[in-house]
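Listed after this line are the structures, all set down as structure tokens.
In the two complexes below, chain A is the common chain; its partner is chain B in one and chain C in the other.
== the complex of A and B ==
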């Protein structure tokens, strides 16, 4: 794979991740990306989805499908619906859903099917120490990873000053990281 | 063979009680040796943090060695990859082992078989023990919550006042004698407390006419700011009464810094358990360091006490034998004996009785050391916890601040105590993390269309209210994008939970013995634990807790999501049997552990029914003391650590008196 196509792969991966998670590309992969969790996730996602599905082309198909939907000028909502449409096949949709779970939790999920006495459930394996703190679940609850607060004493006595940071705000002083 | 001699005092265990005793003795110029079974206090906590971050199950023990889980060792029979305790030199009971309680290759504790033919509500049912402890330098305060409440005087006279359990020796006089030590403990821990609120509470329950330790007293640090969750409860519970007693919310006195000090100011990591990443929360490594700074205290890590030697003529203790190791699963590297004038066991309420019972080779002590009463290992107790959870009407922004900053203390005493156990109610700031493993359960539900949170299906609660988060969405919705963000944000920010710490009664049949079959890697027997909740008196409190939860959530306009557990299964394969489920008055209950392991070497007024006298000194061996929560005659109604610390200060004074007048 050429450098150019690797970069394209990453762009599509980030674009797809943004559409499915509801967080903008600038949030999940900012220009200056100190955490750089994307560089952990793309190879992990590729390897794991390929292993689980037994389909060496699946990840490429997913990213190509996203690229062509993006080029056709659809809205994020329409792209997401199209990506998760059952007509893409079970493996394709499941991989996309697991991608959402990974970004939110930093962990890779395994679905335990329902049995006679227990409904379906999910267990998961953390990908790394970094992925735990990078989970979007902490952002969506307007808090911090448990065990990794950047806030100051007493912040818990007042509501968070900002809504969920799914988009980069225009003014720096509105960034929720500056509580 | 290594021998360590010429110490005034030898202490087993470097947790809060061992460290306080060592510090107080070291200050007075006494030479002290601490034998600690576990690893040394690390130079910083980054290694523990790394282990914590990587742990799939972030249980109280997850950051600490030896490792509690190993995903790469996962098998169908052992999905979490629990290590085999037979391969470990210092295994301990962990919360992950509760579900695996019938699997000796995964669980350190062993349990007697269930009697045949028991019904789900049988008082004879055996359960898994639900609370855990650490075996490392600094002990279990690494993962304590920080709650620093005093017990009430009436807690010390449960038998006299309510004809239940036992009194502490001397009853309220014991309490009075403890007051100055409570003050020392409060200062050592550096408790942050709201004086006005605590004066109100403590005056109501007869702690003192002037609130705390006198009218001039104030806490080392101002009270920890209450959370939005606390404020929501506070505003709603005021008009409520239970058994005629009005409810109100009291900010909890806590062992964490509300101001910068020797340690950092709390930054609200919402992670006091398993580990405070910045040591804003007090732990016993603070006192252990102070002890070492006296220049009189030596600590030997990876020294596992395995036998107590007794002089057969005088009955005095003459040495403590130990085994050493280097790595957790490596070979034994040595052995030796430590000797001093006085010996103190401070190895918490499981390992201390285990050590006493293992020491059965001495003439005249074939049932173990200090055990002429037969009470060693008996009366094992915990606060058995009832957990309930709900969604508030409006966002209260859970998952922010310390794990708990307030509670309802007003139901810790009252006339009802004749008929049912008392409890305190802890208000959680961690959403449904404990209750339902959130944020992950709700996340999986809305990503994969499952319904384990009850937010994404057709479930109704016990008041028949529908529980689906958004009635406009179909059951088992699979969301993405902005819709997923909106649903998760709406849910997580409204999550609340209550924990009821129910007072268990002392029962001699609840006990720690030695397993005859299972050993650790050093060849020492593992605990055999019998644990039941036989009394209607205790079970009545579960019924009360369930009703009171619902009453509180209704008053708040919150929707209750407490999930009734499945019916208990006593007879099936180890995978299928339940660990902590029971039935009572037609309800299915499950209990959780509070981490408050007490009672297994209790104090008393008579040598035939207690292990220690009120000085925390063995009835049988005058130069043997024991400290820690094992000395408690009852578990009482407050979290035990402040009382453990106060008792350790008191024991240190008793030991100093003995050393001054020593004649042996």
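== the complex of A and C ==
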């Protein structure tokens, strides 16, 4: 694979991840990316989806489909719905759903088929020490995984920063000053 | 003194790291400039001239000058503090000539009263079997903020009752914000050649408050600089900018060829020595000899920083051939890549980990929440009232 196609793959991977998770590309892949979890996730996603599906072209098909929808001028909401449409096939949609799971949790879900004794179940395994702290769920909650916090002691007792959109906050501040 | 970085486009993680490293070297040169009697830079000299005379930062306030017994109010910036009683027994007539320079800046000799690394991780023993000594200093802006807000005492901090917020440097107004330093020194004896170190005479004080069993004692010693942290709060970096420098002969880097025949904290001939292990307890700096610590740098200095070190060494040599400052190198600079992040108060620091082999010897590495990261660690700092102390542990020393 050429450098250009690897870079293009990464661009599509970041764009797809942003659309499916609802986060901006700047949070998925910051311009100054110290953690650089995307560089771990893309090869992991590619390898694991290929192994699980047995389809060597599936990841490429997913990324190409995203690129095609993006170029067609659809909104992110429409692209997300199109990517998760069952008309894409079970494996295609499952891989997209697992991609969301991976970004939010830092783990990978594995489906264990039903047996005569047990119903189907899902287990998830952390991808790496880095992914343990990189899950978007922590950012959503402004919380942290056990044993790893950049927040200050007692922070939960104070209002979270930027807990409401800036414009709303400013509006509320104006109202407060009027009262 | 630089008050902000100069970003050079095109902007990237690597380009900004370089710009922050330049900021570090500019700061190092400004701070180690020869000083006038009042501690201001002597513009009649350049860095490296009048070697071993006091430099700008050596007139700054040491922590022991700020946080006094009983929470007493410290003297103002331009006034000096008395030395510990046990140090007053030293006959002034035995003070070597070099100490005259200290008198010229109107300051008593530095009192080195610390011999342990952060969080009781252990003392560092040099190749002469002697304890490395430490001091923490603040600039005038940081000191005055502590003084003006009565943060030098527990009762003052309780009355203050809010998070500390030290002034930040602002290049637009020219305001110099808070800067704090930490220096590591070794005694200039035995295997060490003083001409290769920035040296000073210091009152080396064995502080009984550090460890059980330590008896107060004081001696006048010639000491050489081996480690140097600079932390500078700036307008765009409220998490502060963290620069760290070392003597070039401190320790080899794990996995890299050894470039020197001898080191300050590494014995090439010792194949059985455990690396980066603190000495066994009990720790007592009064011991006449302790087995030296075998130190290796765990995270290598990057190639870009090595090149920058070469550039600054060339400039220092051009200013003063054979300058003693050629023996010091930048390890790296930690800075916030996303200073305003609503989900990371540390501002996503780069590099994620940074350690000085003389100051964080035993916590080098790349394990989150365990290995040394200036901003991740100091983000947890609080004053004695339990409130955020703005990235400094100094306020914990208030009585």
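Note that in this section the second predicted complex is superposed on the first by the 152 of 179 C-alpha atoms of A that agree within 3 Å, B and C clash if a C-alpha of one lies under 4 Å from a C-alpha of the other, contacts with A are read in each partner's own complex, and residues count from 1 in each chain.
By definition in this document, contacts are C-beta pairs under 8 Å (C-beta built on N, C-alpha and C of every residue); 3 or more make two chains touch, one makes a residue touch a chain.
The structure presented is a predicted model; accordingly, all values stated were derived computationally and were not measured.
**Q** Which holds for A:123: it touches chain B only (first), chain C only (second), both, or neither?
**A** So A:123 only meets chain B here.
**Q** Check whether A:151 is in contact with chain B, with chain C, with both or with neither, and answer first, second, both or neither.
**A** both
**Q** Just checking: does A:82 make contact with chain B only, chain C only, both, or neither of them? Give me first, second, both or neither.
**A** In the superposed model, A:82 contacts neither chain B nor chain C.
**Q** Which holds for A:142: it touches chain B only (first), chain C only (second), both, or neither?
**A** After superposition on chain A, A:142 lies in contact with both partners, chain B and chain C.
**Q** So in the superposed three-chain picture, is A:19 touching just chain B, just chain C, both, or none of them (first/second/both/neither)?
**A** first
**Q** Applying the touch criterion given at the start, work out whether A:67 contacts chain B, chain C, both or neither, answering first, second, both or neither.
**A** A:67 contacts neither chain B nor chain C.
**Q** Check whether chain B or chain C contacts more residues of chain A in the superposed model.
**A** Comparing chain B with chain C, the partner touching more chain A residues is B.
**Q** Let me test your reading of the model: by the given contact rule, A:133 touches which partner, first (chain B), second (chain C), both or neither?
**A** So A:133 meets both chain B and chain C here.
**Q** Should A:104 be classified as contacting the first partner (chain B), the second (chain C), both, or neither?
**A** So A:104 only meets chain B here.
**Q** Which residues would you name on chain A as touching chain B in one complex and chain C in the other?
**A** Residues 129, 133, 138, 142, 147-155, 160, which sit in both footprints.
**Q** In the complex formed with chain C, which residues of chain A make contact?
**A** 30-35, 129, 133, 138-139, 142, 147-155, 160-162
**Q** Chain A touches which residues of chain C in the complex?
**A** By the definition above, chain C touches chain A via 11-13, 16, 337-338, 342-346, 348-352, 368-369, 376, 379-380, 382, 386, 388.
**Q** Which residues of chain A touch chain B in the complex?
**A** 19-23, 76-77, 80, 84, 97, 100-101, 104-105, 107, 109, 111, 119-126, 128-130, 132-133, 135, 137-138, 140-144, 146-160, 164, 166
**Q** Across the complex, what residues on chain B touch chain A?
**A** Going through chain B, the ones touching chain A are 49-50, 52-56, 58, 71, 79, 225-228, 231, 258, 265-271, 274-275, 277, 395, 397-402, 405, 429-431, 433, 439-441, 443-444, 447-448, 450-452, 478, 480-485, 488-489, 492-493.
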